[in-house]
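One chain, chain A, appears in both complexes that follow, with chain B as partner in the first and chain C in the second.
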Partner chain A sequence: MSLSEIPKRRKKRNWAPYILIMPALLYLALFFAWPMARGLVLAVWDDEALLSIHAEAQRDSAVVGHIPQNAHLDILDQQGNFVPEEELNLENMLTETWFRVKGEDAEGNTIEGWAPDSRIRVREEAEDGTPLAGTVRTKLGTKADPLTSVYAEPNKHSQVVGKLEARTRVEIVDVALLEVWYRVRGENEKGEPVEGWAQSRYIQVFGDESRGRVDRGNTGQLTTKFIDKMIHDRFFLPALRNTLLLMVIIIPTQFVLAIIMALVIQARLKGNTIFLYIFAIPLGVSDLAVGILWFSVFTQNGLLNSILQYLGLISHPSPYLTAETRHWIIIAIWLAEVWRATSIVMVIVVSGLQAISDEVLEAAELFGANLWQRIRHVILPLLKPSLQVALILRTILALQVFAVVIALSGGDVVTVLANETFRQYSDFRNPNVAAAYAGFILLLSMISAIIYLRTIRTQEELAA
Partner chain B sequence: MSVQSEAMTVQVSEEVLALHRRMQRRRKLNRGFTYLVGILIALWILGPLYFLGSMALTTQEAVRAYPKGVLPFIPFSLDTMRFFLNSAGIVPGVINSVIVAAITLVLSTLIAAPAGYATSRFLFPGRDFFRLSILAVRAFPIVVLAVPLAVVFISLGIYDSVYSLALMHTALTLPTTILVIGSVFASIPYELEEAAMVFGCTPVQAFRHIVLPLVLPGIAASAIFTFVMSWNEVFAASILTVQNRTLPAQVLFALSNSSEAYQFAGGFFMMVPSLIFMFFIRRYLFNMWGQITK
Partner chain C sequence: MAEIRIEHVTKRFGDFVAVNDVSLTIEDQEFVVLLGPSGCGKTTLLRAIAGLGMADEGRITIGGRDVTYLPPRERNISMVFQSYAIFPHMKVYDNIAFGLKMHKFDKEEIDRRVREAAEMLHIEELLDRYPGAMSGGQRQRVAVARAIAMKSQVLLMDEPLSNLDALLRLEMRAELKRLLREIKATTIYVTHDQIEALSMGDRIAVMKDGAIQQYDHPSVVYDLPANQFIGGFIGNPPMNFMHGQVQRVDGRVQVRIGDFALTPAEAMLPILQSYDGKPIIIGIRAENMETLNQPAADALEVEVLVVEPLGSQNLLTVHIGQDIVKVSTHPTFKVEPGMKVWLRFPADKIRWVDSDSGRVLYP
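Right, the complex of A and B next:
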């Protein structure tokens, strides 16, 4: 349908089409563009690269510097601080418990304040385990202050409101679960010393509690380390090689076969619709099912060996899909992909053929052009736009072969880029490297599309 | 054709008649050759399918046997199929797959139908840009979308649910559905609508009584194809679901440590709905894909 057939309603700005495409645009923006942009950032952005160091042991205190992930630290001091309940149970997080106690000191004054749970032995608990009352523990050692300090805040740096003697009975009014903060000293990326407070959840402490390392940061940073990790992954080069090799052998075969199929359909034989349905069947079959289909052909006691055995060509089944017969796995993937994805090329070619008028073909036939001449000099040049679209579509899809490869090789012996993306995400739990692989596939797709568009245009320019 | 009609009315020389006879003979030969090629290609497509079907519809002993036979020569039995369907995770997987595909079908068709109508009936600034971006989205690798979406879904707390997978499948199928529905609308001449309006219909009535009945079968075909695409999709389903796997994701997960009977029956079971649906929409295939090349 050409544009001229469309009624031109341009008297005044017509908003109807914009309203009609709005839901689709919104949906694609929300579930396509936005996650895509956010996700691809993962490949170059490390969320945990740097640990912010605070001036005080408070979340909202000023940041005095950053220490990179994995850097070693000296631990100078520690103190508990409030932590929201939903953040409890994080890995590495150290907590300390403080009790708000009420009791009488040596002079008989009632003292109410906070004491760490290491100083109070709980004697009474409610049914749900909440401590209700306890006694002050005796301090060990002779030099230590025999009295236990009670603080205004659940924090050893706060004001002391009073002191309790050992074995004093106290009422436990409240319990506070605090996250430990460490006062640390380390070096930032430029090697300058940084000293300040950081939460224990980010720090792995070594045995003597005076040294530690930054387990993960809380501030993001632009990084190439995921891309480096992808490139140096030992499966990266084999995956790239196999993907490109498969592309090179699959696509030409598909185009030849698809054009033959399209010519058969175009011949309008009796039973044309049956041919059409059969040729179109693979369009609706999932790639995993196709992988299994060809696995059933190539497996050691599968169809291929059975046929060869019946024909007497072999005496015992030979293995195809093993690590020693990688070339057979490639052949099996090649056949499976040709079986599966030729239909889509055929459909595109058929609709291209239908646009070529019968008169042109009949004229060529009348002038004595044989089949090959007709294909070479009439059909192919006229099909060029359709073939171009099919080529771009097929190349992009060939970069994504996945389930067929897993079904035929188990995903280990012969691997491809899409399979490595899946593995990095699912098996290695590394979404950043998976995003790097995904970005790489996207890059290859775009480059190949640009190359096709360019070369075809320059050919046309040369011809003109 | 033109040669034949001339031959009846005009006195034609012997040479032209000979040429005509030779051409007809060649055509007949060509037809035979085309039949042969067509049948060979049909066998190439159906052969493996038939073998897999034979393996799925027999006893497990026949699946283990070597050399293997095909169906009329081996016992027919639902044993293998029953074994597959009773395996862990298969029935929930089928239910999940159907839910995901059904939501995808409804969402995708509802969102795509107005957009398809707009692109085929209105000439508006930005139309070509819209169509181009739809094509670009269609050509986008699924692989590239699945990982980012998984990360976003995790941060939103809707990871590992059939509903979030349906959202992803809708994003995947939407471009195709828009293009297909657009081509269905484009195949209905605008003059029909105009005539209805000349006879006093409002635009909405014209749409309701003239266009809708004509496009409904095409839209139904496109909806079925959307269903099939979602039913078949493996990669995103494997990445976005862990506990609530769809059928393909479950089969893929169990693939490496399952028996051949399980694999063959699984592959066949996944294919059957597609085969049936494709049969119903075969007539619309070229309507559907033809437009994409333009």
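Right, the complex of A and C next:
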């Protein structure tokens, strides 16, 4: 290759890093941001809030107004309309069946057109149940026209193509399944009257067929009703109180213990690796397992009662985990959580301690600081960034405490926010209120993180 | 009075003996430099004096008080660390005040001493700043100010200048020397830089393999090294060593380097007589040889291999037998590589080294 063949290097923007992070961004957007946004929207978006009222009994006709869910309606008229097969069997949906029939009228003319199934008795069916032939039913009552009208369309408002006598034998050429549309009159949210057509699937009709209510809407609307529902839920305040109470008793205990554990490890005593392993064991146990483990300690015939009985301190096993002894449940949760999650804090604190230079600690010692003064004036301030990380992490995890509570209280006697989220979703089938709870937990997490970041600033940040 | 006595101090790390039976006396207000290559135990010894690593054996007294097993805070010492070890989360003021606060001085006294120390190191304007954004030289000054604010009787310094760049080191060296003269503390200064040792110390203790090799004034250590190691460690360039042979010719003791015969000083003759027929090492400093551009009876002919002009002198590299010898000449002495020059060795500048023990022989 000669020199002239070497392509000239042009100064070019380097796209490689952007291309490299694309999969990560895509992954984040697809599997994180989108589902999360969808989930949170549930808490503030009621997609059944409003029912669109159409000018004509047609899906594509203009919308003349909206009537809110649960509003009462006057039903003025009804009419059948074709309905796509995949939409059949929806709740509340009223359908009517029309037959396209072919038969002779009194004059012997062959008439072909649509008649509702209420007017035709099916006499012959194919093996799969498709009606093939039938007879026109006799009309009861005397005032009515004894003849049965046959329409050009499967619709009572369409043109009448002929009339058939009762008991005329007809061939059934086609079957149409129609959804009933109602012509309704109601009021929109501002109290203005709205009149128009709506599908029966959205409307609950009362006995006399002239009154009804909007069962569910088909148009979404921003709403605070799920949040209101959450706040007025009778478990909301107990759950919030318990969650905050657990945070307040768990986190300080964990931090004191974790700092002591880290200092023990950092002291490089003989066998400090064994300490580290022992301290780290709970990291490998699932939170539900920890809950069950402590349940087995505190249950009526559990370890604690057995030991106390063996030692002769009590004569009968005393119950701890009952509705009358809520404080014991809180204590059990506290112990279980401290046992389970202190080592996470310890790991962070150990790594923070290792970042403090030995010479700085020696300088503190040399200039006259005793152990407590070294911890108070040098180690803790220098650990601030690590403690901040640990504090944020622990607070967020404490707001999510769930499995341990479920295991120790069954989720009723002592409840927490995460448990209410689960209960709303799973037991009460109310994903919107569950989303409101989840969003509330997220909000608390964010607020606490911001408070920590603001209040525990490192000195360098303050100086900058 | 803060005389420091170190008596038979030994410090081990596992099987490794870092400090081996060292005894040293540092007089009140004296400035002693512990000098030695990396791993010679000088820092370990300093830490034993500081109380940051207790001695395994021996005794250390400061001002007559046995401090061997006292914690650092009770020893009345202060220290400047190699990495400065200033507290990154405290303002300069609080860094300097730290020791005073720990010793519960009252606020006014602390303030007075902090400002005094800051003034001595010209860092008054830094008092309200955090060390994070400060330069190495500024941190160094903070570390020194923190140490002198204590007004301890003993000041320990562990390679305080080793993290500074060359120019700053030169500046700080002079400043430290002035400062230490002012504060009148007994000072032990650890360094591996022999120029620092020579220029600053009242006395130098040269260490190697955990033991003191020589403990004397800088000029003595430089001129009259106790052994070949010290001669080869101190000085830039270090002392030259050549292999020779002691011979008695017609009843007179001579030392032969190849065909060249060297006449020792009168005072050395009785000692060298016992080396008759044995090899001996001749040590001489680069600046102590006379360089001639013409033959002389008492001069050795050598070929110049390399000429390094250093401004104030020209450094010549020559081979004498198997040994590489550096010779310092005046810059006006015209010489090119490949040329022949003649070296004269003044008898009083030659140091005679026992080739078995490495000890320098003195009458």
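In this section, the second predicted complex is superposed on the first by the 430 of 464 C-alpha atoms of A that agree within 3 Å, B and C clash if a C-alpha of one lies under 4 Å from a C-alpha of the other, contacts with A are read in each partner's own complex, and residues count from 1 in each chain.
The criterion applied here is as follows: contacts are C-beta pairs under 8 Å (C-beta built on N, C-alpha and C of every residue); 3 or more make two chains touch, one makes a residue touch a chain.
Just so it is clear, the model here is predicted, and its values are computed rather than measured.
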Exercise. Regarding the shared-chain residue A:Gln373, is it in contact with chain B (first), chain C (second), both, or neither?
Worked result: second
For this session: Name the contact category of A:Gln254: first (chain B only), second (chain C only), both, or neither.
Result: neither
Exercise. After superposition on the shared chain, which partner residues are touched by A:Ser357: those of chain B (first), chain C (second), both, or neither?
Worked result: second
Exercise. If you stack the two complexes on chain A, which partner ends up touching A:Ala435: first (chain B), second (chain C), both, or neither?
Worked result: first
Problem set entry | Residues of chain A touched, compared between chain B and chain C (which is higher) | B
For this session: Determine, under the contact definition given at the top, whether A:Lys384 touches first (chain B), second (chain C), both, or neither.
Result: second
Exercise. Does the superposition put A:Phe31 against chain B (first), chain C (second), both, or neither?
Worked result: first
For this session: Once the structures are superposed on A, label A:Asn155 by its partner contacts, choosing first (chain B), second (chain C), both or neither.
Result: neither
For this session: Go through chain A and flag every residue that touches chain B in one model and chain C in the other.
Result: 365
Exercise. Which residues of chain C touch chain A in their complex?
Worked result: 50-52, 71-73, 77-79, 81-83, 85-91, 98-99, 102-103, 129-130, 132-133, 146, 150
Problem set entry | Complex contacts: residues of chain B adjacent to chain A | 23, 30-31, 34-35, 37-38, 41-42, 44-46, 48-49, 51-52, 55, 65-69, 110-112, 114-115, 117-124, 126-127, 130, 133-134, 137, 139-152, 167-168, 170-171, 174-175, 178, 186, 190, 194, 225, 228, 231-235, 238-239, 248, 251-252, 255-256, 260, 263-264, 266-268, 270-271, 274-275, 277-279, 282-283, 285-286, 289-290, 292-294
Exercise. In their shared complex, at which residues does chain A touch chain B?
Worked result: 1, 3, 5-10, 14, 16-21, 23-25, 27-28, 31-32, 34-36, 38-40, 42, 257, 260-261, 263-264, 267, 269, 273, 275-289, 291-297, 299, 301-303, 305-306, 309-310, 317, 339, 344, 347-348, 350-352, 354, 365, 371, 385-386, 389-390, 392-393, 396, 399-400, 402-403, 406-407, 410-411, 417-418, 421-422, 425-426, 431, 434-435, 437-439, 441-442, 445, 449
Exercise. Can you name the residues of chain A that touch chain C in the complex?
Worked result: 357, 359-360, 362-370, 373, 377-378, 381-382, 384, 458-460, 463
